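The following pair of complexes shares a single chain, chain A, combined with chain B in the former and chain C in the latter.
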Partner chain A sequence: MAKITVQNLSRQYKSGEIQALRDVSFECQDGEFFCLLGPAGAGKTTTVKLVAGIESPDGGEVLLDDTPVTTTEPWERDVAVAFETYALYPQRTVRENLTFPLQAPGRKDAWPPAERDKRVVEIANLLGIGELLDRFPRQLSGGQRQRVALGRALVRKPKAYLLDEPIAHLDAKLRHRMRGELRRIQINLGITVLYCTPDQLEALSLADHLAVLNEGRIEQMGTPKDVYERPANVFVARFVGDPPMNILDASVDGNELVVPELLRLPAASAVQDLLARNSNGKTVKLGVRPKDLQIVPESSSEAQVKLGVEHVQVMGETSVLTLRTDSVELHAKLATENAPERGSNVGLVIDSASCHFFDPETERRIED
Partner chain B sequence: MTKLTLKNVWKLYGEVVAVEDLNVSCEDGEFFSLLGPSGCGKSSTLRMIAGLEEITDGEIWFDDALVNDLEPRERNVAMVFETYALYPYLSVYENIAFPLRIRGLSRTEIDEKVHWAADFLGIDDILKSSVRGLSGGQMQSVGIGRAIVREPSILLMDEPISHLEARQRARMREELVKLQADLGITTVYVTHDQVEAMTMADRIAVMDLGKLQQVGTPKEVYERPRTEFVGGFIGEPPMNVADCELTRVNGQISVQSPSLKVALPARMADRLADYDGPAQVRLGIRPESILASMSPVEDGVKATVHHLEPQGERTILGAQLAGEEIFLVEVAPEFEAELDEALYLQFREPLHIFSTADGMNLTY
Partner chain C sequence: MKKGYIWWWVLPSAILFLGIILVPFITAATYSFRALSFTDSTAQGQFVGLDNYRRLVFDKDFYNAFKVTFLYMIPAVAIQAILGMILGLVMSGAVRRARILVPIMLLPTLLTPVVIGLVGTLTLNPDFGVLGIPLNRSGLIKEAVLGSSTWALPAIILVDTYQWTPFVAVILLSGLLALPKEPYEAAQVDGANPLQTFFRVTMPLLWPYLVVAMLIRVIDAFRIFDIIWVMTRGGPGTTTEAVGIYAYRHMFRYWDMGYGSAMIMVLFLFISIMVEYLYKALTTWQGAGETA
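== the complex of A and B ==
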């Protein structure tokens, strides 16, 4: 297994019109499950192509186990890739598609036939496609084809696996199962996986470490816990976590935080100290997750402000409230059994200790 | 303001039954969703309401008017498609104006209505733009503008935001709900995405393989699924369902299998008192209704840790039961466990028992 290092990678398309990657650097440790998380167009697939060697960077280096491979051909890098678009051989059966990477005639890493067949069956069973080995891709559903594509990457034992949204097209139950299986294999065998996804829940649930990518740049790197609990900027704060974190403009007034035309809340002393260190004067961007907005009855004396409930979204066990005033819209998350009626009024309590603070200009987290 | 009623509606394509004996009604001003996987008949149903498809049998009523034989343009419905179907060589203004021009409205009337629709949707600043080069969300807003500008009796939407990127989808969901509430138009919204239906609709009609499975509010279909299909389709993470056998010992009803033995609470025992069907049934339980503990508990179901999915504010634990099934369990974010470690599960209400014959929920 290998460590994957990416240093100052840049890549552009259409003569500079599209900057797919701008000076991206990260390291995926040997045996680690590393996620690249970001919206469509962020540069995740481009990164995979550069690490695999399918494309060359315009700037920067790719290293496997500290050895530069930037000019090494893809087949000599010994990485296995699964893309979201399956690219299966249509005239070959599932078995043949899965066997192909192990055949590599003439190459030193070709497998002996008996071991090949055993491995193919093992991987097929793991992915729940053991009974489809003699079918052709055209006879398979989208979800089954995607599993064959994933199997084709897993069947080898390369230095690292590069998986680009490999389970996007599976139904919910199967996605949970596949995530679980992938993680188990990865942990048990200590394999290095670089995994791309636009789904923040998926990244949080799989990764040892992750990098949040946006418009070709890394916004934050860290463990899922780091990224969820201490988002480095407003983009990460709103991208990780669903519904997105509420962001309000606030100002510091003595020992209170004031959100104009909305509310005042007492600022705990730790919070006051933190904000005193903010270089941009007394205004901040205040972030509070929907689950941290406490909903109390309208008449409660604790309520810092009263708001109208514009909409109640019943997700299942939890519901999301849309609360609105003329100037501000907030989302709150609570148990469905406690959810108020649409059109009613509720009271809101925000505890400054559960708030996140960002510089109003740079939007970066104000750190302690 | 129109009430929509479908009575015994069938749609056959040759021998293929796309919609089977559908009876459903949608109240005046309601946001009503048709939800189901591909091939369930939801789009065929929508197209029959629009008049784009012939009804093989049955009746469709708009208030007191039978519309079976009315052409689409006579029905005063407007449709929004997944693929926008905008006129690529016309401006945003002209796209929205089109349905009014072909009806011969005066220039002033057209101008007034187009501005009203554009203003409503927040796209008045791009009225003069060509539709090419607009973002997906903007294009869909133009499509919706074109639909509402005629002030139709019923608004039909066929997966209008499925292809948009996650955050755009979340934003459009809220905007569409607000739009519909402000306009008060009876709206039928087709989708395969249960999150969309749950978060937007007043009521949802869940369909599978041409048949109506259940109609209810989001809360109802989540808490009291009428069939195993509804139970498994609504809610994320999905409901856990496993084969088991009903047993009765000394008046106590339980379900058991090689993986589990669960005594059913009195409420369920009452419902099953007169049950005389096969003993083979299916137990359904949602991840949030299972308690997991690392230390043995009385009457606990024994399992091992298959995998963990930390999700920030909670963790989903995959628990492998003795019979190899994997049950998803919701645990606290700080719950720590090693792979393959022993685990003990307790099942809490709501529990569901589904028939193996027809998937019906036997206990609601």
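== the complex of A and C ==
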């Protein structure tokens, strides 16, 4: 296993029309599960291709175990890739698809036939495709194909695994199981995994460290806890967490925060200090996670504002409320048993200590 | 709108279709059951049942014509498929930058076969042909190529290949340019060598295109007439007398319309059955048409 280091990587497409990556740097430690999280088109797949050596960067370096490999051919880098689009060999059985990486020229010697066959069956069983070994890719469902694609990466013992949305096309239940399985495999084998996903929940639950990518740039890097609790900017704040964080324009008025046409809330002294020191004194973007919006009865004296419940989305144990005034839409998350009726009015309480503050111009986090 | 009204819109193309395809076909079909010859006063178009077909069954020259057709078709289509594939692969690298190459490459295919046949005849002429002179002087082929019962058919195959290889190449080229990139990337990471990449990735993905190109070529090759007519008129002897030439001879040389029509019908049936069978055989090849 190895450490993956990426330094100042950049990549353009269509002779500069599309800047897929801009100055991306990160380090994925030996034996670490590192997630690249970002929406479609953020540059995740490009990063994987550059690390694998399928494409060459326009600038920057890729290092494996501190050895530069930027100009090394893909097969010499000894990394395994699972492609989102499967990329299976169509006229070969599942078994042959899984065996090929072990018998390709240059790797043959490392895998004697008996051991090779054993390994293929072992991986196939691990992924629950043991019975499908003699089928052809066209005879498999999307989810099954994806597991074969994942298997083709896992079957080898390379320096690192690059998994590009490897479980995106599985059904929800299987995806949940595979998430657990992947993490278990990774920890047991102590392997280095670079993992791409657009699913924030997947990234948060799997990663040791994650990097949030957007438009080819890293917006934030850190542990899942860091990224969730201290989002570096408005983009990360809204991308990580479901439903997205509520972002409101607010201004500071003495010891109160004012959200125009909505509410005034008392600012805790720590918050007052923070804003006095860091903001331009007047306006901020105030972020509050749906779970931190407290819903109280309409008549409660605590209520800072009264709002109509436009919509109630029951998601099992929790429900998501859509609250609306003429100008603002807010999402609140609470236990389903406490959820009000659609069309009713509720009172809202926001505790300034649970709020995140961002600079209105740069959208960067305001912190100590 | 009244429902009947709609038929007026289809009428022009219906007339065209009926006039140039269906009527001649049905005419030929009915002729094949009649004794109709312009040189035989007893054959005035009277109905003779399957007589023409019975005659065909015992016609040794007809079997020879089939044999010649296959001797020409199989190597011609095979060589064109292989050369077309090579040409397509070479072109796919260059064509993204130089689209103009495609029409230039297609020139031989765009010319009429008669012209190509004439070019072939001149090229192979032992007295002044670009290929004919060296072949003759070096003693490789002592006789005139087109007058040789050994070399006349290969010469026709050569000229046919010259005309049709670009056509196969362009079909394969359009396929190559449309192939997904990921399987190639996977093969790269897996460490496949170029030959493995070709047989594991390119061939299976390109197979449907190859099937189409080969089917078109098989149908065309079976009906070959013009190139052979211009180059050898079926000779020497009957060594290049393909079915098309043989049928032409009977219809427009001996003016035996009934017998010639029967030949055309057999040819038509044969092509239909062969294409149907070939298509099934080719498409059931593992993974054909799938891009899993």
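We take it that the second predicted complex is superposed on the first by the 361 of 368 C-alpha atoms of A that agree within 3 Å, B and C clash if a C-alpha of one lies under 4 Å from a C-alpha of the other, contacts with A are read in each partner's own complex, and residues count from 1 in each chain.
We adopt the following convention: a residue touches a chain if its C-beta (ideal position, glycine included) is under 8 Å from a C-beta of that chain, and two chains touch if they have at least 3 such contacts.
Note that this is a predicted model, so its numbers are computed, not measured.
Considered on the superposed chain A, chain B and chain C are sterically compatible, since they fit side by side. Within the superposed three-chain model, A:Arg138 lies in touch with chain C and out of touch with chain B [touch as defined at top].
Once the two complexes are overlaid on the shared chain, A:Ile187 sits against chain B while remaining clear of chain C. In the superposition on chain A, A:Val314 contacts chain B only, with no contact to chain C. More chain A residues lie in contact with B than with the other chain of the pair chain B and chain C.
When the two complexes are overlaid on their common chain A, residue A:Thr336 makes contact with chain B while staying clear of chain C. By the touch criterion defined above, A:Ala80 reaches chain C but does not reach chain B.
Once chain A of one complex is fitted onto chain A of the other, the partner contacts of A:Leu204 are limited to chain B, with no touch recorded for chain C.
By the document's definition of touching, of the two partners only chain C reaches A:Ile54; chain B does not. In the superposed model, A:Leu88 lies in contact with chain C only, and not with chain B. Here's the short version: in the overlay, chain B gets within 13 Å of chain C at its closest Cα pair. For chain C in complex with chain A, the residues that touch the partner chain are 180, 182-183, 185-193, 196, 200-201, 204-205, 285-287, 290-292.
By the touch criterion stated above, chain A contacts chain C in their complex at residues 49, 52-54, 73-75, 79-81, 83, 85-92, 100-101, 104-107, 136-138, 140, 145, 152. Of all residues in chain B, only 165-167, 170, 174, 177-178, 195, 198-200, 217-219, 222, 232, 234-238, 286, 288, 306-313, 316, 318, 326, 328, 339 touch chain A in the complex they form. For chain A in complex with chain B, the touching residues are 39-40, 172-173, 176-177, 179-181, 183-184, 187-188, 198-199, 201, 204-206, 224-225, 228, 239-244, 289, 291, 310-311, 313-317, 320, 322, 336.
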